[in-house]
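Both complexes shown next keep subunit A, but they swap its partner, so subunit B is in the first and subunit C is in the second.
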Partner chain A sequence: MQFDTRITSLVNDAPDISQLMKQVLYALIPAVATLLYFYGWGVLINLVLAVVFALALEGIALWVRGKPVKPFLKDFSAIVTACLFALTLPPLISWWLILVGLFFAIIVAKHLYGGIGYNPFNPAMIAYAVLIVSFPLQMSQWPGAYSVTGEWLSLSDSLSIVFGQMDADWDAITRATPLDEVRTGLITGQSYQDIVAGDHFGWLSGVAWQWTSLAYLLGGLYLIKARVISWQIPVSVLAGLAGVAALMWLVDSSIYASPLFHLFSGATMLGAFFIATDPVSASTTPFGQLVYGASIGFFIYVIRTWGVYPDSVAFAVLIMNMAVPMIDYYTQPKVFGDSGRAVHGKR
Partner chain B sequence: MNTLIQKLWKMRGGVHPAFHKDDSTRQPIQHTAIPPQLIIPLQQHVGHLPDLKVAIGDTVEKGQMLASVSAVGIGAAIHAPTSGVITSIEERTIPHPSGLAGSCIVLDSDGKDDWGNQRLAPLADYRECAADELLQRIEQAGVVGLGGAVFPSEVKLASAGEGNVETLIINGAECEPYISCDDMLMRERAEEVIVGIDILMHLLKAKRCLIGVEDNKPEAIAALNSALETLGAAGNAGHGQIEADQGSNTQLSGDSSDSASLAIQTVSPIASAPRIEVVAVPTMYPSGDAKQLTRILTGIEIPKGVRSPSLGLLCHNVGTAYSIYEAVVAGKPLISRITTVTGNGIQSPQNFEALIGTPFSFLVEQAGGYTDKAERLIMGGPMMGIALPSDGLPVVKACNCILISSRDELRLNDHDPADDERLVMPCIRCGKCMQACPVKLLPQQMYWHARARDFEKVAEHNLSDCIECGACSYVCPSHIPLVDYFRFAKTEMKAQQQAAIKSSQSRERHEFHEFRKAREKAEREEKRRKQKEALQKKKAAAADGKAGEGDSKQDAIKAAMERAKAKKAALKAAAKNKQDNSDAV
Partner chain C sequence: MSDVNYKQIIADGLWNNNAGLVQLLGLCPLLAVTNNAVNGLGLGLATLVTLLISNGSVSFSRHWVSREIRIPFYVMVIAANVTVVDLLMNAYLHNLHNVLGIFIPLIVTNCAIIARAEAFASKNEIIPSIVDGFMMGLGFLVLLVVLGGMREVIGSGTLFANASVMFGDAAQGLTMQVFDKDYPGFLLAILPPGAFLGLGLIIALKNIIDDRLETKRIAKRQQEKAAAEAASKVIGGVPASE
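And then the complex of A and B:
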């Protein structure tokens, strides 16, 4: 009797890429719920539009490149990119900005480099960086949290604003984000303590932001527990950021924000657990991941404190994406039998 | 209970697949009928091809040596697994991943299974034997490592040297899914295994022996422990002395082969029993890799290129220990081995004591035949085994398992049955392979470079340390057959190295050729120059000679002229005298 010998690696018990990606999506649920609670329908509209655009762009790109469309669409990677990108956007942003961003994420950052697995840069962060550089005004129009303004915009009004049917009274709706507020306050000479004494600040950061950050943290811990991500990158990002922040805060706590404020403001938690951990564009060796993460934390602080942008997770991640090949090359672990320590027989 | 070790060390990485071992352990080891025809490849071991001792048409007895260890280097002898006639010696496909053919002896059995007088003399009192004698016996019996390496045991033991090995490690981990031959061997023939170990300890003068068995084989562990107790108690009763008479011998139970039960009666009690310990190691693939098991049991990581005896260690498989027992105590060469026949393509999965050379199809028949799911044939286990094209191939010394399965049995996750062939997705560098790798490699990086055929970079990532266990392929979420890439890279690098050696050799040859040409030319020129010189000298000399002659001529002329002058003067003077005389007249 004759047998087929083509497949030689016979066993594969692993969850596949789509399962890993789905777990990432599950981990985002607490943060999405929190954001919905504080910012209303705009958050959901962003997510839905982003997913629709991303899938459409991904499908087109795969078709043009002559790749099998269905299995690659089913890997969920485009959906994850879309969701992460959508969560960095201010709610009620115009629909076409989402499309422009995702064009850069899916087409430019991902498929021009060879599709999933080949992108040297984090696609969602490329999209964010393109938008914040090109459309700084729209990108900084964050509506105030519902708990602050007490105004809940209806779904139809939200949709009208997003699709340009209705002009929003931006001055009335928007509020400065905590990072922005602290930044502007410090520039105008207020002390850090006075700025955060406002009643829309919680014990960690802005009320809405601290809860959102905690929700990201919860999701991130689930990802570590489920072994979707390793602990090295998130821990080192947070430690890198908190370390520098603590140092500066000790130097002068009236002009430098506290480490806790940095940890629970802006996109820190999202970046540490969901963005910097994108395996394709991150360092892959255990020690390299520590270097990579700590550097991201460092750059987040530097750009936030002395740069022109209030938040800087995207730039910090993109900068370190560039360094990944070098980090990986110089941080190869020692192989079995090479550690010296364990060889304790004769000699 | 004695404890020879304080702690177990944790293995790095590893995976925990579904083991499927129970399928084939429900029945005891079966002896097969004698197949009508055996196909015995000459190359079943690491080393040189053995030297043929028989010819076509020869009638051979069971256990007769068919080929002896090569005269030119290391290797192993091959024996007739049963009596019969050699009908052919020809190239046949051998069970090897290359699918290439190799020299095979084809033996038509006569059904008598007649030993004649081929059985080697039992060395029951092996403890009185010199190491050399035992080594010679092991070589004579064609024993090779049965854990998969098929390295000649005699060479391994001889190179370890007497007294260098402090800890003998016996590998009964059998970590690969589906395979249960070692498990069944330990369950059913534990006492023989212990005697084999005692022979090894005596031979090596080892201080202690650790038998590593994965803790998913409680029956095997219990059997070994009870064998140790029985044999050890007998040994203590005899104060470790070898009993000349067989009176105090333990009567051993066991439904093993005739040779084994015959031999066990002549075995003396085991004095080394207190220095042997059965250690249950956590079930985790690939703990059965020799280096991994060594680390788990002793904490010592054997570095690449370091021979384990230099660290006081040596590792042998339980199957090898059993074969050594058979060779020494029963005088039986390695002509059969225990082989697992299993998988969902087999009606009744079980273990056989199969004669070397038995065609797979014969064993499958003995196991009730195929089910309708028989789509893949693998020799070995699902992780490291090799896919083979035909069941006409024979059982060889390395053949621990014949796995017949459907195409998707081995895919253990519940994937969409509509995806007949799962698509291999691009690597997303998630690092799961790195976490699973027991030797701390970076498979994700090696894969990247191997795909780009940048073998230099792959080598920089320590490809040569890869033990090809397949743990990386097993965990890959993109279903990339990583280990296949690494095997490919290894063969490719070897080929490149050989090509490099070849080209450097031919370059050397060419350079030498050029050098010789130049030298010959120089020599010729030198010769020519010398000849020319000689000629010129001769010419010059000749010219000198002529010049001398001219001088003498001139001298002669001068002399003649002077003579003539003188004559003239004389004549003038005479004339003057005459005139004067006439004047005077």
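And then the complex of A and C:
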């Protein structure tokens, strides 16, 4: 679906898509390394399976649509979608869930809307949302971090769990994520301070989650430095989330989590720097990006705090994706020389 | 009227001008109740009966109703019919009535019905109007059952589950287990997004089929034309050669 945006790129030496996508992949390296350290082989299996499935589906979709397969496969966009999606999945998830998710990401969210550059929704988040809505049980089985459980699954064991050869002892290896733990704790009447005093909570959030979030932050800062993404979206997402969280926390710090906990839990950092900044589905005007990002931050807090799903970044991003055409329409920057009296929609 | 083209009415109702696929009317019940095939069948039948009676009565009384008040008149006729259908279903298909709930009374607001009253029944004789109502209703019914069946198979791996709420206990055996019991169920298909995706896919499929038929028809016409030209040449050429 093509929406009319009146911004044209006047830069001649704009880097091509594959260059940008490669930089996004480089920026994910610290987070992937951190996840591997904490969660073991399951993370790597997710990534490899997702990339293979995504390339296969992309190839099939291009072939069916009669488009040249090779140049589009080489633009790395399918690989980035696959990697971002894989990083949102719990490790050791069954292989067919990855395939179903990527079917919705590549075929439904991307190619049914016209392929790269035309998708109104972020494909990776569509995939995540489809899976979390359809298979909530499988999608919330997060194995505990290695440093918490002390059990390191071998590669062959991980593979046989993923491919259904071996049933994992889920009760033994899964742990509630920090977000889940805080939510259920608060429901059962514990105070927030008591919950985070538990030994697997670090100074920001859960031990594994805070380091992963810091790694995403590092990669995100590199992306801003390399001018792959603009600062407006990530900063406004984080500010929007932290602002609402701080307000609620000041109202009652025993039943609302601290802003720092929100910033470094779940997929906040991944969402702020890598998901919300997707150039196709995000707002394109500088002021629009601030509105878009801050609204995502707001919805992350609202859905996370009063919703029932493990995390809310996907839903927040998808809601705001829907609003992007309207945001862009009302935030067109003034053209140089405009008298300022032009009325919107009468151009 | 002798010049009524029944073939055209039938083709329009079932395919060319299908209420759900082409006119995109009555989407609210269409999307809301089709989470399984039996619900689709139930609502489809109720809509079919309503269409039949409303088209018939609107056509019957079309000469006595002035243009200015025709819309309120249609609404009253349709509402009366729906009330009858609603009460009948509540009496004889009580379980199904419970499942479909508010969507039975809401048939009043199904714009497919008032659209047929306005576009067809108010301008045609009774018999063609009834045929039109039946065919439109049938097209809608088939779509509801197909969409419901599709969503049910993908969503829970069964087909015609709960058939007994409609046909009584004798229909227990009608339920089919399409996938085995281990099938985890693709919940999205049963939820509202699945209805939109499913309807979109069915419409896309219809458009593909129409496209194919159209290209075939054009090819055939060209062939016939060429054959006719060739034939006329031969005919024209025969005397010359003799």
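Note that in this section the second predicted complex is superposed on the first by the 325 of 347 C-alpha atoms of A that agree within 3 Å, B and C clash if a C-alpha of one lies under 4 Å from a C-alpha of the other, contacts with A are read in each partner's own complex, and residues count from 1 in each chain.
The rule is short, and it goes like this: a contact is a pair of C-beta atoms (placed from the backbone, for glycine too) under 8 Å apart; a residue touches a chain by one contact, two chains touch by 3 or more.
Here the structure is a predicted model, which is why all the values come from computation and not from measurement.
Colleague: So, A:F135: does it touch subunit B (first), subunit C (second), both, or neither?
Modeller: In the superposed model, A:F135 contacts subunit C only, not subunit B.
Colleague: Is A:S156 touching anything from subunit B or subunit C once the two structures are fitted on A? First, second, both or neither.
Modeller: neither
Colleague: May I ask you to decide whether A:V108 touches subunit B, subunit C, both, or neither, giving the answer as first, second, both or neither?
Modeller: second
Colleague: Considering only touches as defined above, state whether A:T284 meets subunit B (first), subunit C (second), both or neither.
Modeller: first
Colleague: For A:S254, decide between first (touching subunit B), second (touching subunit C), both and neither.
Modeller: It touches nothing on subunit B or subunit C.
Colleague: Of the two partners subunit B and subunit C, indicate the one touching more residues belonging to subunit A.
Modeller: Answer, by number of touched residues of subunit A: B.
Colleague: Which bits of subunit A are touching subunit C when the two form their complex?
Modeller: 100, 108, 130, 133-135, 138
Colleague: Give the list of subunit A residues in touch with subunit B in this complex.
Modeller: Touch list, subunit A to subunit B: 1-17, 19-20, 68, 71-72, 75, 77, 114-118, 230, 279-280, 282, 284-286, 328, 332-339, 342-347.
Colleague: List the residues on subunit B that touch subunit A in their complex, please.
Modeller: Listed in rising order, the residues are 12, 15, 17-18, 97, 99, 177, 291, 295, 298-304, 306, 310-313, 361, 370, 374-378, 382-383, 385-391, 405, 407, 410-413, 415, 422-423, 425-432, 434-435, 438-442, 444-445, 461-462, 465, 470, 473-479, 481-484.
Colleague: Given the complex with subunit A, which residues does subunit C contribute to the contact?
Modeller: 184-188, 191, 193, 197
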